[in-house]
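Letters A, B, C and D name the chains as they come in the text, with residue numbers starting at 1 for each one.
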């Protein structure tokens, strides 16, 4: 049974409101549910209710939602979870990100590729770069993220397994991202408007395949057994996701003894 | 640049139709786009178009969707991706699954916990167990999945970081699953009907916290730049997801010199 | 060209905020866009912008949304519009409503059946009845609505073309509503929870046919040509709609010379 | 109690499949549920089950869905119902439609304005015009629809209360439609793609107000009391609806003794 220790993170919930806090021996949480001395938590297991407070061990999602400091519109976990797997990421993958923003998606990518993987993320804006850097330093478990404070112009020959793009005009960087990728590598993008979908699709006409555009909607329900019903309001739009894969056209060799493609 | 080798998997796409195939020197793919000799692919990079065929390196999702043999309604990747992260899984996590089914979700969990992690999955039905076992043998990269062919009745003292339940009546096994978990451990469930949401919520009234019920809807778009619009039809329902966490009520010690919770 | 006259209704919009007002010679509208003397509007056409104010002739929906005084959760126009047509209402129809509430749906039904039609609506709660009565007196164009301040127990032999039920437990009144209807008459219901869907469906097992359960979702878009995208948030739930039709099982007459249904 | 008579329409349902038929004395319905002689129905009430067949009196929606012959993609009732009310139509309204198509929306508009109303609808394509004409002759109850077989170029001074546009490029006819309308008159449009939303919004920048873009999604549920759940698949897209109203900017008269808009 893992116990709460000094300097560890906790997720504290009071009547549905969630707070991510770092336990420190001599401090307390002051909320509407009363004062809670962190020293009283140390040595206790995670997953406990004390008065009106519920104390959990934070998940990756908790850290993104309640820990990371945001200076930009972030890619939300519901999209990041999908992106990470859709990009085929797994233990040891190398992934390129253009547009770190606040680092929320970077943080998820870091978990998806694990301690043997590698995330290289570019951010041009100094303020965002600094914020993302601090977020990674505070919360990232593995040293697998490399943040670059510069405009993305290429990768010096490094070949990545996949890429994710979150910049205003993805079509402006797509070609250079493509050059950094292995053949077949999946590329993901997020854009807020339908006009941008149209722009990106035009760029994808050559050199890419298996393109897909989609959006993810999460509909939440109230948790009363006798009154099962959706919540009154929901988030209607965070962004459109575009996925594609690097594709090269292989010229058929004419000298071969048999045709590569024979009619059936 | 990774090349296609004998005995490797490829994803072959012909006009949007996808096939997961294992390349073997002396065989061919026979489809409406013509015959393709696998021997012609060997030594070529992934991510190539040959005639009407696009050849990619399969992602985790491709393997689930076009590789795994299904004998049951599977948990779809859109849900599995969300579940894996929502359960807080990361490199090294130990996760319990009750209801292996065809192993689609098991396969995603396996990737989420990585080679240092562990997935223990229970399946009562022999036919499903055998099918899932073969699916894991064929496609699982790491030896981190342990399939149990028996009714789930408990875990012999093993403590898991998280659990996922996909059985007809989750409320019947919830209590025993809870006993196998560390404090604070997230539990996920999938149920097809609103009546089941109601049943599960009743069971969650004590011993659990941070309960959430939701569903995930994916809306796909056509990929024509000049005519951006959703597809005509979509999948409207796969299942309701229920998430909760193990929670114990900590009795306040009355002898302590200061109250744990002091009014503000 | 219809002109604005004294004592008429106008819809006034200021930066997206909508107000339904009755023009009176000696009064003014005081808003953040400045003061607007109603006397300056009289004699002007509808559909004009004066300063920051847009003045339109109100539609039925404007009156429901910005005119009717609400003392209850109303049936929203998006549902009422659908209900009115789904119930097959047209000029001259007679429709029964159980549960007037604030009269929002009643008002739409009144328009659907036209001046030659008839709406009879029951409301038990005195406060709601009074509010609905005032709403109808203020806004209803035709004297085709009859509000009953009493518990619904039956119809004294009157036969309606259709019925709508908006009460806590529709299954409690369904049988009596059915007795007031012509054969084949459509019945609509709105319920907020999935548990209630289940309850109603049980009641519908005998004496009803062509049952359908559905919900209506409206997704709005921002109106910027260069940035077409959904609004950030949307209404996720107002209610589930249940539609059915009165059905009697006709006993086959055995003495007839030919069978009513012959096998093919 | 209304009885089924010779030459009347019936809706016949067999295991969820719906057929709109006209009863004729000497004919029969031949289906998988057996043969049904129409002569056996005459004199019976609507709303009866005979064998496996349920016989109902058709609603407006039944006629649109199962009666009207389609030669085009139709505006579906879920949208038409919304459009009719959103355009503020009521008994006696005059409404202009550009693009009759198969007449499905025309038919709903006809019901919305009632016998004292008027629908004028333009269709350029001869084949569609003829089909719509036949549909109206067969099913329209009131002689309130005037179909024009010509390109829409204007209205000869007639002033309409509202308009609906369903043509490939609504922005090409918007200006002329506007000239046919009373001040404040609502205009509705349906377009399949987001690119067209963008085009229309550009046209609406001057001379229009209260613009709104939205889409309507209907999610249906299975009707089993013990297993309340959405259907597996749903219609994901029929079209985007755009609504606006005719608006003129009123020049402020400078000679007036008081300003029309005074600062607060």
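Definition applied: contacts are C-beta pairs under 8 Å (C-beta built on N, C-alpha and C of every residue); 3 or more make two chains touch, one makes a residue touch a chain.
It should be emphasised that the depicted structure is a prediction, and the values quoted were computed from it without experimental measurement.
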Same or different residue numbers at the chain C/chain D copy interface, by half rule: same
Chain centre separation (chain C, chain D; CA means) in Å: 18
Mean-CA-position distance for chain D and chain B (Å): 44
Overlap residues in chain A, where contacts from two or more other chains coincide: 194-195, 197-198, 219-220, 226, 228
Chain contact topology (line, ring, star, complete or other): complete
Residues of chain C defined as touching chain A within the complex: 192-195, 219-220, 226-237
Residues of chain B that touch chain A when the two form their complex: 1-2, 13, 30-37, 40, 44-62, 77-78, 80-82, 84-88, 90-91, 108, 111, 114-115, 141-142, 159, 182-186, 194, 197-199, 201-202, 204-205, 209-226, 228, 240, 245-250, 252, 258, 260-264
Chain D-facing residues of chain A, complex: 194-195, 197-198
